[in-house]
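In order of appearance the chains are A, B, C and D, and numbering begins at 1 in each one.
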Amino acid sequence: MDATPDRIPTPASPPPDVVRCVAMELVVTDLAASRHFYVDVLGLVVTEEDETCVYLRTYEEFVHHNLVLRQGPVAAAAAFSFRVRSPQDVDRAVAFYEELGCRVARRADGFTRGVRDAVRVQDPLGFPYEFFHEVEHVERLAWRYDLHPPGVLARLDHFNQVTPDVPRAVRHLEDLGFRVTEDIQDAAGTTYAAWMRRKPTVHDTAMTGGDGPRLHHVAFATYEKHNVLAICDRLGALRMSDRIERGPGRHGVSNAFYLYLRDPDGHRVEIYTQDYWTGDPDNPVVTWDVHDNQRRDWWGNPVVPSWYTEASLVLDLDGVPQPVVARTDSSEMAVTIGADGFSYTRPGDAPEALPSWKQGEYKLGHQL
Amino acid sequence: MDATPDRIPTPASPPPDVVRCVAMELVVTDLAASRHFYVDVLGLVVTEEDETCVYLRTYEEFVHHNLVLRQGPVAAAAAFSFRVRSPQDVDRAVAFYEELGCRVARRADGFTRGVRDAVRVQDPLGFPYEFFHEVEHVERLAWRYDLHPPGVLARLDHFNQVTPDVPRAVRHLEDLGFRVTEDIQDAAGTTYAAWMRRKPTVHDTAMTGGDGPRLHHVAFATYEKHNVLAICDRLGALRMSDRIERGPGRHGVSNAFYLYLRDPDGHRVEIYTQDYWTGDPDNPVVTWDVHDNQRRDWWGNPVVPSWYTEASLVLDLDGVPQPVVARTDSSEMAVTIGADGFSYTRPGDAPEALPSWKQGEYKLGHQL
Amino acid sequence: MDATPDRIPTPASPPPDVVRCVAMELVVTDLAASRHFYVDVLGLVVTEEDETCVYLRTYEEFVHHNLVLRQGPVAAAAAFSFRVRSPQDVDRAVAFYEELGCRVARRADGFTRGVRDAVRVQDPLGFPYEFFHEVEHVERLAWRYDLHPPGVLARLDHFNQVTPDVPRAVRHLEDLGFRVTEDIQDAAGTTYAAWMRRKPTVHDTAMTGGDGPRLHHVAFATYEKHNVLAICDRLGALRMSDRIERGPGRHGVSNAFYLYLRDPDGHRVEIYTQDYWTGDPDNPVVTWDVHDNQRRDWWGNPVVPSWYTEASLVLDLDGVPQPVVARTDSSEMAVTIGADGFSYTRPGDAPEALPSWKQGEYKLGHQL
Amino acid sequence: MDATPDRIPTPASPPPDVVRCVAMELVVTDLAASRHFYVDVLGLVVTEEDETCVYLRTYEEFVHHNLVLRQGPVAAAAAFSFRVRSPQDVDRAVAFYEELGCRVARRADGFTRGVRDAVRVQDPLGFPYEFFHEVEHVERLAWRYDLHPPGVLARLDHFNQVTPDVPRAVRHLEDLGFRVTEDIQDAAGTTYAAWMRRKPTVHDTAMTGGDGPRLHHVAFATYEKHNVLAICDRLGALRMSDRIERGPGRHGVSNAFYLYLRDPDGHRVEIYTQDYWTGDPDNPVVTWDVHDNQRRDWWGNPVVPSWYTEASLVLDLDGVPQPVVARTDSSEMAVTIGADGFSYTRPGDAPEALPSWKQGEYKLGHQL
């Protein structure tokens, strides 16, 4: 596969030392509606705001923000932000991406409040990545239980990116210093998705195969499973349960407990808790068979089609949505729940082994 | 409706004083497989067993058993057992049902181990009801945390019966001393289901509209939501996740947290926790609109079709399956997820208000 | 013991049919401070209020209130209120207590808002009991998860009364229709405490041996253990952790998870979850040895002395505090943690068997 | 303080790159009793065992073991093991400690099963530290929910060491590449304890001021608070509740939920869950006032004296217990719960502000 003409070269410049994913900037088309969703419903904390931007953080965060909502004409993801270890790592980011021929913009006073000396790039996969070290510190609200809602969001956990060619994306992220912790493949060697990390959790970002570049979701971590369920219960009470797209459930991949929501612009948000330590250099990579119906939900509950097909546009450095390139490899939805797809509960099971109550679910795909 | 010719008469004999639903007897076609499911997977406690029967109980129970698995040729429910307050209430049960012209069988030494002086009847709705007071006491394992599995089942909570004419069934159960706590109706006055109680929880049994008489499910209560999730996780680890039919989720009706499983014969088992006190004489009845998509799942997750259509046969006093009579009223599935059905998240919403990720789900019905 | 001259006679009048403990009226000396504690800190719901009274309820309650805070000169309990099954049961309460020669006051318009036709009595043990049936219904907030705090209080669960002679009190409560579910005794036959119920939980009230009549505590039920812990965390965040008197922990008696708080006047409030079904007529009574150090805390954590010695005064029908009569039987504190007391973890253990880390704790008593 | 004559020099050799604390070797005097405690009661997984050693691991671990129980004549800690990033880091450890003049022993085939090329040193503080990279991989049981007990232990989280001079120890650990995340001080500048990390949690080890070198405890992480409580409940059911020394509770320092147990030899084990991310280079250090009674328990529950005074001996490389040197700085117990100590709930509170129910507790110290 290294011979594919479009393999992204490995720069001679060392990559920046990425500490963790730290923030996402989302363009939203109705700032008041989005603020209501993230603040009044999900309970994120407003660090500061003005007429066009709301800066939000989680309850364990001491950095200025984890999420920026910015009013704009087209819903999209404007920046996937990573914190780097030192000021010099911002220089390294510049050199790394310039060597790759990417557009690079650096601002000494940052692109958002609370951040200084940041660089934004249009990466070779088409995503707007941002790197910075200098940040404004704010109160860490971890001990402020008087403020915690029942579904308290503690940390930004990860991003998830849709990209047509997952192995190509993985190799590039490895050049940037990320490591694969888990992936989904089939017997023919097609890779459907890969989870990649800098911090020692399952991921800082994942590469999901599909038409891209697009943002699949941004994920916030909470403490316990009941916190996730509290968000569902709250949405029900607010008659907003149709914000729930998928879950709650237990992932196979990552072993985490999850819930997927859709915000007022359709941006997907995951609530996530309890994956595992991956920080050892020889951390075992877990590879899942795409036909294992416990890979994406350990309980075998099917993935809804929209989860496979819908995602958010991403912007270039001019704020223009990036064109979306179609995936040419097999799609995970087609091979699992489509007319010709199948999934098994036990390796070796025939498709007919699914009980009556599961057959309807796993044949959803061909009816779309 | 009182004028319907088939209204079940109200006996002049007073009904027995039913304390609670206490046990279910299931005929299973492979006793070893069923024992594995209920004991090794779900963790119910074996009180005693022989070659044809296994007597199981929950961890808070002090009565001999809550579930009898009996080997037989056809999977079916053989007895819905209720405990009555005094020995005299068994006499009352005999008189009550004899006045109704039902078949009645009484055995001084009981129909099962651990029980004496029991009466079994073929009730006017076609269900095999059993009433007894005298029971053998066994150790209540509530404090035996050394034995509790992560998904500990604490109590038998309720039965759920499928019957074609819900209002007719409700009136009869009211004659037996039960009271409605919640129901599902539509604007035209059709009743789709009703929950009825003796003990002060939401129900000892529910009447679900459909082809009957059949057993919809038997439910066991656990303590906390994480206990329910532990059962899902365990089924995943055992590669038995296809035993999960629906859930986990939060019910609208009852406000309880739930999970539906199917046993090796397809008998449906619910795991249930945290409904509410209903013991006041003027407890407010909650009526749900059949089109409210939060009525059966507070989070708006759709009910799988099998949950509406599949159920277990019930036996008559000779052990012969009762013939199933078709429901003639509208079916809940048809009016909510069928071709002409619809559900809303907010009262007043048009069917088109469902977001893309929900439309696929709620259009399942017509594709069956 | 039936020969004791002060045995309370059993009236010929039938007792009222008590459904459940339903409300407590507390006199508080600083209404604003108490309102802050119960509403802003514990999250109880204000049904209505005026300058001298605040009417509060839990999230599952449909009756007007579970707790009345009334401004007054001396902190005390003014009424232990029970709901009775029918209007006629109020008549029965009047006859029952009048036959006992008790002071009885009945008001057609109730003693508090939200209640009509109530009777208050000064019972033979010196407690101000209230009985009513007619109540104003209010919204049951069980489904209003948008309002639930992390430590949501769902129901009033029980009262706990301090009285010098527990067996005498038990016999009287049995006359009133209550049944013992658990008690604490010693080998010599002294009874230290007894738990008594009408509703099918471990208790509607308990009799704790000590100088009385006094109110030991009023208890509210929540759903899960993490809800109890959330209250602790919140008190810590508010720098009000010194409101925590004892716990959290698991009771031996009742098997419930508990926490004891003290309100601004020192009234004791328990947060409680998950006891067990006691509604069968032959529910097994559990008797604990007073020397079993797991009886009051299943984990063997010692009871703080104040929990044994401090309690709230109760008022007579004129609003005057009842004189407190000393207990003459052995005190539970003295026989367990006092200079001559001892407790064991395993029956048969010598006092010396306590490990070093427990010895300091269980010798607290003699140092007071 | 840098002028103190006994400051440990900073080696010119770079320290090894420590990934995380990974294992503890405990000498136990009754291997069967210890195996019962850790395996049958706490549920750790046996990787392998022979007549003198049991190798145990947690459910998320893929390295051979996290705990070694070795039969021996005197209960003690034999090795605090850290995993290093590369084989070369073992060389670095050798050079680092040899430059410090410490005893150093390296074994190509490891000191225990499952490990190769390990070095053990007698560090300048007197502790037996071990460093290795090469390990045998075993099955990660994170997804094996069929094996998880209710109180599942997921990871080794940290060690805690008792040492007389905390600042001296901190400086040395900083030389080894650790960073302080939290500490406890007083206004006069005395440091009572410090938490230090390599992995991005609150600690891999902590330095607790006291007579040392001794092992204060080893801590295992679980997922949720109810898992911790399940261990308490289980100990109660087994009539082993006297193994509980302190807790459960919420720490102020670390914000984690905790429980302290004592094993059959008195070795202290903590069960721990949910501290926070500390991996940013500028992670804010949290300093607690020693008089803040929420620092060690956020709910203000007092620390039992044994927790301050008792700890395990540590062995030198010959297997001989290290002599214990007395702390000369003030002891945390003396200044907080002793005759002259005091603790406050709110900064500025006078000692008299403690309510009656807390006074007994916080005056424990002088009565020892």
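Keep this in mind: a contact is a pair of C-beta atoms (placed from the backbone, for glycine too) under 8 Å apart; a residue touches a chain by one contact, two chains touch by 3 or more.
Here the structure is a predicted model, which is why all the values come from computation and not from measurement.
Student: Could you tell me which chains make contact with chain B and chain C both?
Tutor: A, D
Student: Once you count every C-beta pair in contact for both, which comes out on top, C-D or A-D?
Tutor: Higher C-beta contact count between the two pairs: C-D.
Student: Taking mean CA positions as centres, which chain lies farthest from chain A?
Tutor: Between chain A and the rest, the longest centre separation is with C.
Student: Just curious, how far off is chain D from chain B if you go by their C-alpha centres, in Å?
Tutor: Computed from C-alpha means, the inter-chain centre distance equals 51 Å.
Student: Can you give the whole-Å distance between the Cα centres of chain C and chain D?
Tutor: Each chain's C-alpha centroid was found; their separation is 41 Å.
Student: Using mean CA coordinates as chain centres, what's the chain A-chain D distance in Å?
Tutor: Chain centroid spacing, chain A to chain D, equals 35 Å.
Student: Could you tell me which residues belong to chain C and also touch two or more other chains?
Tutor: Residue numbers touching two or more other chains: 143, 224-226, 233, 236, 252, 298.
Student: Name, in rising order, each residue of chain C that touches chain D in their complex.
Tutor: My answer: residues 224-226, 229, 232-233, 235-236, 239-242, 244-246, 248, 250, 252, 257, 262, 266, 293-294, 298-301, 304-307, 310, 345-346, 353-358, 360-361, 364, 367-368.
Student: Quick check: in the complex, which residue numbers of chain D touch chain B?
Tutor: These residues of chain D touch chain B: 143-150, 152, 224, 226, 230, 233-234, 236-238.
Student: Which of the residues in chain D come into contact with chain A in the complex?
Tutor: Residues in contact with chain A: 19-20, 60, 62-63, 83, 85-86, 137, 140, 142-143, 154-155, 199-200, 223-225, 252, 255, 274, 276-277, 279-284, 298.
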